[in-house]
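In this document, chain identifiers A, B, C and D correspond to the written order of the chains, with residue numbering beginning at 1 in each.
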Amino acid sequence: MAEFLAYLIAGIATGAIYALAAIGFTLVWQTSQTINFAQGEFVMLPAVLVLLAIKLFGAPIWLGALIGIAAFILIFGVGFKLTIVDPMIRHGVLPLAIATMALSIIMKEGAKDGFSAEAQKFPSFVPTETISVFGAAISLQHVAIIVVAFGVIGLLQWFVGGTKLGRQMQATAQNPTVARILGIPVERMVLLTFVINAALAVVASVLISPIYLAKFSNGEVIGLFAFIAAIVGGFNQVRGALVGGLIVGIVDSMAAAYISTSYRLAVPLLLLVVIILVKPEGLMGRKEERRV
Amino acid sequence: MNRHWIIAAALGMAVSLPALAQDKVKLVDVVELSGAGATAGTNWKNGIDLAVADINAKGGILGKQIEIVHYDTQTNPGNTRAAVQRAIDEGTYAVLGPVFSGPIGASMQIAQRAEIAQLVGGEAAGLTKQGNQYLFRTSLSQTAAMPKIAKYLKDTVKAGSVAVVWVNNDFGKGGRDAIIPELEKAGIKLAVDVATEQGQADFAADAIKVKNSNADAVFVYLNEEESARFLRAAKQQGITKPMVGETTLLGAKVIELAGDAANGVKGHVGLSIDAPIPAFQEFGKKFQAKYNYVSDHNGMKGYMAVYMVKWATEKQKKFDKKGVADTLRGATIKTSEEPGILIETTIETNGDLDRESFLAEVKDGKQVITATLPKINP
Amino acid sequence: MNQVLEVSNLHKAFGGIKAVNGVSFKVNEGEILGIIGPNGCGKSTLFNCILGQLEPTEGAVKLDGRDVTNMRPSELNKLGVSRTFQLLQVFPELSVRENLILAGQEHEGTMLSRFFGPRDAGLTAKAEQMIGFFKLGHLAEAKAGGLSYGQQKLLDAAMAFMAGPRLVLLDEPAGGVNLTMLGDLKERLRAINAEQGATFVVIEHNMDFVMSLCSRVIVLAEGKVLAEGTPAEVRANPAVIEAYLGH
Amino acid sequence: MTAPATHGATAPVARRLPLPAFVDGTLLTLVAAAVILWFAPSGMGRYGTYVLSLWLVMSVAVMGLNLTLGYAGLKSLAQAAFMGIGAYATALLTSKVGLNWYASFAISGLLTFAVGLVLGFPALRVKAHYLAFVTLAFSTLIWLVLRNEQWLTGGVFGLSNIPRPSFFGLKLDGALAFHRFVVVVTFLLAVVLWWMIRSPWGRAFTALRENPIRAASLGIDTRMYTLLAFAIGSAYAGFAGALYAPLVEFIDPSPFSLSQSFFLLLMVVAGGAGYLLGPFIGALLGVVLPEWLRFAGSLYLIIFAAIVMLLLIACPQGMSGLLERGWTKLTGKKEGAR
């Protein structure tokens, strides 16, 4: 039992990381039907930019963090939306998805050539101590990630449901045409989601990198798991990312423990197939009406 | 007037002629610069660049400057084959790389057919078992390293059971397949066999699994970064059993990334900039100065590969492509003949290497060599 | 008289909303039956249930006495039941002729002959005939997406007739078509009905169109049959007047 | 350039020349390209020859994906996995069982066709992008099997010494001989696909992509055509794998990973989905462009990705769409001058 608990807690800790990365997937999908295959790289890059700013300008850590984060939100929030999404969104999901694939190559290779092919240590804003929960070890870093993941979801739910801006954003997500008629600045709302996505990527990056280390290739793993998490939880619900992330994290941990370490990746994927066959819109997802 | 022109022309000739006569020798490095092997490949490439810069600064090989070209394999066999073919078509003097055994497997026949020496960074046991006369390693093979580790586990660590944690790529799988029969021979029980993914970020579940196996010791066979992540996860889960590994567990990079978690780790080291050999440390300093980070063993392998080519060329006193392989086969390169080889190296006829190696331990964030192991066939 | 189609006690509910609530009717061979009713009375849902596009919650559909409830649309089509949709449904990237050949190709030969046989599945002549019949002659090579709305509507109807169906269900054929075209369309439908003996069921909003075309009319309201009879009878029915004026 | 899925009358060229009625511009282009590629490697060296062959082999896989995606509108993320099934089947059958290449090639195609049929069933159940998710899972599962089942697939160490085929006793071991063999096989496969696309099948596939509900109401068995499109597209990946294994003479799991499936998708879209010659252009972009960009050193992948991204921003229909746009502009001007 203690053993099971240890795996469970490890799975939740990992799952929270996937959840944090997956929120962005669901956000940009809802407002602009964009599948961002560079999402993993979005989480990888802020940490690298922070380290780069420190290295280039010899800046102290807080200044480096500020420069790196500001640069990232500007380029990959606003810039991404204006230069890549806007010209392509009318042409369907696929060309845009491919363009984000190309973007992910650019980000990955850019981080490797511009910074380093090696993993780098990233300073933690949270103490690295380990605490014991029911006899299972968990680090404060992981605790912080779990808290932040839940906090972000709560904040987003409140924002969407409880503020005018948020309701406008939701209206945009549900029906842009009607929203436009109602006088909601749809373009600005979509832009806002991209900025939020970039900001969330930064939060995820800063929290995850001290554990996973900052490395150009980290986006591949994080991106894949976040994608699976978003599908499992439901692409069109922000809280789907949280549920999906935690489930995938726990399933992954259990698979390694009780099934097979060399096939552990297969188990979350089989879960994904089952969910698609049983409830294609994801566990928490809304059914998307087919436009006939 | 005329005379001036003639002098000017002659001067021009004098300046340009040596450059023409002393045409360069082209070396092509085909290596993993993107994809799964990018980190290892980049170290290898940097090691090569460092060696080429050193050699060229000292007048090149037999007076010829080395022209080095790097081609990326994307860690993909099809692309590797293209790149090696291109290297040969462009008249490379020898092929350097790749590091991963998949890309090596896809390209070794081509170099063999062209009768050109190929110096690779691969450690998997199978590479040198195919009778390819043109393939040369730059490090010990796993078949050479693992018996030393098994002996160490038995005699020094006195472990009755061992948990094996390995990365599921050619490097890790090769190591695992080599250590398990050795453990069996030494009468050590395999407590648990844990495969991990290349580039895996989260090792919590693996660490719990190892902890629950109650093994007397843990054998960790992962790449540097994954080693660091595993050590941190193991510390978090409170694993106190000795961690034993190979070169990739005890490197400076692991110590840097894992911090305290690396303390107490011990094992066998082939190439390490921390080894008590002045030439190794010298290399480490030069590398650090040039690239601003600490080289791993792949950086050393790349460096030595270039010097192996240099040594063979100077030995045969001519630029004969086929001769490089013939000269290297069965040779022993002494540091007195070629300081760039860093450590006396014997090349066996199948392309395997034999060298001295070390037993080491990490104490207070530093790698400390505890013993030097002789060559297998001294 | 021979009954081509028999719908008995058909129900369809979406969640709690009963879109079709126990509709029964029969269609006689060779007649033109009109189904009218206010917006949202379940006309299109009824069609979709009859044609296998939606699964009815309850009830049965019979074709020539054979149960075809829940049969897949493509199989139903091969039994000679054809339809148009309320919204335009042509293939914009294909030419007019290609659209027509597509509408007929699955009714000829086998999968193999469709692979190895001629590219037009031997339907060019037939397609040209339809093009002529629907007065689209000069547009045979044009991409369907480039046609005017009315022309697309004609093409849409032509596609439904391409395979020589016995029973055709038309969902608002007159919607958005201008008066001249409307006259053309009506005349074409009558001609096919007379010459080929095809049976029609027409859902329509345009009362004049229905009343002048159909021999019998069914009025739906709130998912149920409200009235049934000849155009004149229906027009005089107080319940129908109520339903229409009430909305 | 061929227009997307047009089934218009035969090209004017064919009418003027005394050629059979089924000959059109695309077929002539294919024939001309095959002839050029037959002779192209002279003076190119083994490297150039190899890259040309690799381009053609990848084109075959991209052609298959173009059928499923470009014509039938089904998003598959498993094309590289199917290629892997074909490559491993051929490698094992030729090197371990000793079967000749032609039989192995056929078995690879049949096997991937059958697996495609089975995997296609979810495609009927789940619509739109959900198929992409199912194939994503399938792709990774196949990769795991290829890597883990060492007794069969050689695992991470791969399979080496894969023999090249011979042609009626003629050895095709040399780079040029094998290249010509690849040219012939690719040409035949392209012609089959060309024939299929312009047959009533192709028309049905297009209808499936544009409006499956209307298609069904016209008697088109959408279930059958969906499965066929997916299975034939997968079989082409199997064929590509059967050529890839003897071309590289070595295989391991890496070229059949999920990221390679993504890369194949990139080639389809960048080349122009739904254009018959699009796959060749796409594979040219994906295989030959990076090789050519090698002069740019370590930046070559960034430049490559930037080119693809800019291309798609400028013209989401890919290279073929761009060429078509240019062609209409050009011919439009000519007409204006007249």
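Going forward, contacts are C-beta pairs under 8 Å (C-beta built on N, C-alpha and C of every residue); 3 or more make two chains touch, one makes a residue touch a chain.
Just so you know, these numbers come straight off a predicted model, no measurement behind them.
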#### Entry: Reaching subunit B from subunit A through chains that touch each other, fewest steps
1
### Query
Using each chain's Cα centroid, which is most distant from the centroid of subunit A?
C
### Task
Please work out the Cα centroid separation of subunit B and subunit D, and write it as a whole number of Å.
38
### Query
Whole-Å distance, subunit A centre to subunit D centre, using C-alpha means?
33
### Query
What is the distance in Å between the mean C-alpha positions of subunit C and subunit D?
41
### Summary
subunit B and subunit C have mean C-alpha positions lying a whole-number Å distance apart equal to 74
#### Entry: Two or more partner chains touched - positions in subunit A
109, 220, 262, 265, 292
### Touching two or more other chains - residue numbers and ranges from subunit B
34, 36, 168
### Query
Name the touching chain pairs, would you?
A-B, A-D, B-D, C-D
### Task
Spell out the part of subunit D that touches subunit B in their complex, as residue ranges.
45-48, 50-51, 54, 147-148, 150, 155-158, 160-161, 244, 247-252, 254-255, 260, 291, 294, 297-298, 300-301
### Message
For the complex, give me every residue of subunit D touching subunit A.
### Response
69, 75, 122, 125-127, 129-130, 133-134, 136-138, 140-141, 144, 147-148, 213, 258-259, 262, 265-266, 269-270, 273, 298-299, 301-302, 304-306, 308-309, 312-313, 316-318
### Task
Spell out the residues on subunit B that touch subunit A in their complex, using ranges where they run on.
34, 36, 38-39, 41-43, 168, 193-197, 199-202, 204-206, 208-209, 212, 224-225, 228-229, 232, 236-238, 253, 256-257, 293
### Message
Using the touch definition from the top, list the residues of subunit B that touch subunit D in their complex.
### Response
33-36, 70-72, 74-78, 81-82, 85-86, 88-90, 101-102, 105-106, 109, 124, 126, 130, 168-170, 173-174
### Query
Tell me, which parts of subunit A touch subunit D in their complex?
35, 37, 83-84, 87-88, 91-96, 98-99, 101-103, 105-106, 109-110, 113, 220, 224, 227, 231, 262-263, 265-266, 269-270, 272-273, 276-277, 280, 290, 292
